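Letters A, B and C mark the chains in the order given here, with residues in each chain numbered from 1 onward.
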Amino acid sequence: MAVFQAALVNEIEKLYKKKKALVAVILTLAIIVIGQLVIVGVRSGFGVRGVGSVEFSMLVLSVVINTILPLFTALIVIDSFSGEFAANSMRITLTRPVSRFKLFSAKLTAVAVFILTALMLLLIFSLLAGFLFNANSASLGDVARIVVAYLMSLLPLFVLALGIALAANILRSGISVFFLAVLGFIVFQGLGMFFTRYSGLLITTELSWYNLWLASTLPLGKIIREFLIMVGYAIILFTAGFYLFDKKEF
Amino acid sequence: MEKVIEITNLTKVYPNGRGIRDINLDIYRGDIFGFLGPNGAGKTTAMKVMTGLIRPGSGDVKIFGYSITAEYEQAMAEVGTIIEIAEYYPYLSAFDNLKQLARYYAKVDYKRIDEVLELTGMLKYKQEKPRKFSLGMKQRLGLAAAILSRPKVIILDEPLNGLDVEGMIDMRNLIKQLAEQDKTTFFISSHLIHDVELTCNRIGVVYDGRLLNVDSTQNILCNYATLENYFVSEVERNGRVPSCSR
Amino acid sequence: MKIQKKTAMLLSFALGTLLLAGTAIADISSQSGYGQLKDSLKLTAAKCSDSYNSFTMDFSTAVTDNGKTVTSSDSVQKYDRAKNAVESVNTSENNGQKSRFYSYMDASTTISQNPSDDIYYVNQYSEPTKRAFFTDPFKSSNSEDIEKIADAVVGGLKDYVVVKDNADGSKELSGTLTEVQIPPLVNAVASLQVKQLFSNPNQTTHITKDIYVKEIKGTALINKDGVLESILGTGILSGKDAQGQVHELTFELLGKLTGINSTAVTKPDLTGKKVVQQVISKPNSGPGISDPQKFVGTFKNDIVSQKDGEFVKAGERIIDITHMDGKTVAGSYHEEYAAGFAANQKPPQDFKFTATLNKGPNQDPQGAEFTVPGTNTKGNIHFDEALGQVYFNINGPSSQAFNSVFNKVFK
């Protein structure tokens, strides 16, 4: 466990020291500023309120969950795997007394930490912006729902990260992984639109599963099914990714 | 004598036919073992298998009795290594690079990091990022990383690559010092015969993926005028003449 | 150890696959509340159009502003397949003004009554025809596309519809969306729509800013046969008028299906009522000419030209109808020019024609088509019984600046 912890701290430190993750977080926060400006514009221009204080957070989430969060998650994962494969810096850690399983897990956990951090920053700042600039319409219950919605968004994003990690262990170049990820994302989004009956199986649809947690009467059956589907994906993708990572020669 | 590294029937053949075949070798405590062979003989492949970067095709490597394939963490607990060129995270300072590694060892603290930087003469570049370093500086930092955890075994692949004369002498002295003071065992690969002769006390000759012979430097120099003569005769005895002698 | 690792990987892969496949099958086969509602709607539409002998549909809407009714409407439609009859009563109230529109249709009659007067307009069909009884909207060609779009819009909100199964096999569907749950884009678009609706400053309710959708609610009742018996939707919007006064607008839509196989549609008794009656050959074809004989005679109009910046009469176009009955019409057309304008003449200006009055569906039963003798030029003629006029057209280039309205020449 101590070894895993060390590996995790290392991965997080690398994320933090690398400017990429920082830029990603700053860009994410810029979304809030832009979003708020748009809302203020819409409000004074069209007379439509746009959003109240808490809905602003949901608006932000609904936008970023399908755009920059998957994008930055992909970039971070690709950097963590393909980037280190290409720069040979994977060897630095691999020749230390840490098993590949722990290293693989630590890398993905660090990605999860990144996603969670981005989500939490978005939550805090969007709530702040919401309360400062939008008419107050919040109840404590609403805020709680929003916190849950943000937290729950970690799961599908993490499954997405696992999928990209698998791709990064199959394909040699980070750029091809990136294009595959983007292409896959668009194709899945399209499929979800046309085959609504099967859309629950697509990870791109599950990105919006936070909606289920907002319902006044929780659709428990659906929540459990979606959860199990995501867990199933996670186990398959993790195992397949690790199998390839373990076999890899450096 | 205590067996430190035990290589048994180690085989790893690449699809292009290159690689290593059926290597058996024991390294004992206090050895400064020289793994001598021309470029492409399979030295790096053997060392990558020994450090877990590559899975062996068959056979196994045990370090302090722990199998490198099954009990990797225990096997590598007392090992420091540089394979090919020492690698760094270019966006982390020299100190931070070592800090990353230090986390894997309970007994290594920041003081120890300064200590190894001092030993390798890199202390004054502590806060600089390695992307600006020369190859020699990188190799010194690599050595600092390899000895960071006070390992009982150090595996070095061509450690003199890129070093100037002064660097070579420093490196050799450091190896000898560690071997004498801490009884550190070394496994060093090199294609530089002269250097191996000066540094190592046991020598194994590897040629075309096979280990030809292992003997102590002392014995060899009793029977042959130079290590080079020994190398050539070993290769000839096994039915092959090197295209160019070194 | 090595074997153990491989086994562990295989096991976990198998576990993941099993978990995924099992849940996936469950997910695909399970029907969301939204899906059940959709299925029920389709079934209801199909049964209404194909199998139910009679039923009553009742749709009502209401818009209230802070509890005060702004507009409301109610439409009750009774269908009877055996009689091929539909009766509908539409009432509406707009800012306190009430109005009622009544209509009745069967194979041989349509009766309608306007809200403005008490007169019943009766169309009697000389050739009774079976009319389309109730058309299934899901069978129209673009319904699938609309369904896809609806699915996409509803998207992640599908599972907001909660289904409660009752002991008798019926189901209660309900769903609520509050501010947080309504997708912001939907909220903005809906708000903008409502703002347009209430943008007229003369309206009692005139909201200009801070408009947003506060809540959307819906309930539906599906009976044990899977038929949608009632559906109620409520939307609450909030906004402010120019004075900063908050208005809460409630939109309600209620649909009910009752009297399945027990609705009776009776033809209204019009004795003692003011009635205007028309005889038409069949539905959708407009009334025929009741007394064709009266069109026999001369009709003409003026050929107008310009000279020295003034309109001058250059001549006359004259039609002589020599024969007309309910089926055919015969006559001649010619132009007479005043002195000095003869050069303006363009053929054809003098010909005889015979034509058969239109009979086909969706054709003008008060019109006929003819061919100018000796040419391929077609023309048409239409008789306006109410105005005593004839509309006469000749296709082709000469029809430029051609006045096609001909007035009766009285002797």
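Assume a contact is a pair of C-beta atoms (placed from the backbone, for glycine too) under 8 Å apart; a residue touches a chain by one contact, two chains touch by 3 or more.
Note that the coordinates shown come from a computational prediction; the quantities given were computed from them, not determined experimentally.
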item	value
Centroid comparison with subunit B (C-alpha atoms), farthest chain	C
Distance-to-centre winner among chains (Cα means, whole assembly as reference)	A
Between subunit B and subunit C, centroid-to-centroid distance (C-alpha), Å	87
Interchain centroid distance [CA atoms averaged], subunit A/subunit B, Å	42
Centroid spacing, where centroids are CA-atom means, of subunit A and subunit C in whole angstrom	48
Residues of subunit B defined as touching subunit A within the complex	48, 51-55, 72-77, 79, 81, 83, 85, 87-92, 96-97, 100-101, 103-106, 145
Interface residues, subunit A side, partner subunit C - complex	42-43, 46-52, 54-55, 58-59, 62, 135, 137, 142, 145-146, 193-194, 196-198, 200-201, 205, 208-209, 211-212, 214-217, 219, 221-222, 225-226, 228-229, 231-236, 238-240, 242-243
For the subunit C and subunit A complex, residues of the former touching the latter	9, 12-13, 15-24, 26-28, 30, 32-33, 148, 151-152, 155-157, 159-160, 162, 176, 178-184, 187-188, 191-192, 195, 208-212, 239
Complex contacts: residues of subunit A adjacent to subunit B	2-3, 6-7, 9-10, 13-14, 17-19, 87-89, 91-100, 247, 249-250
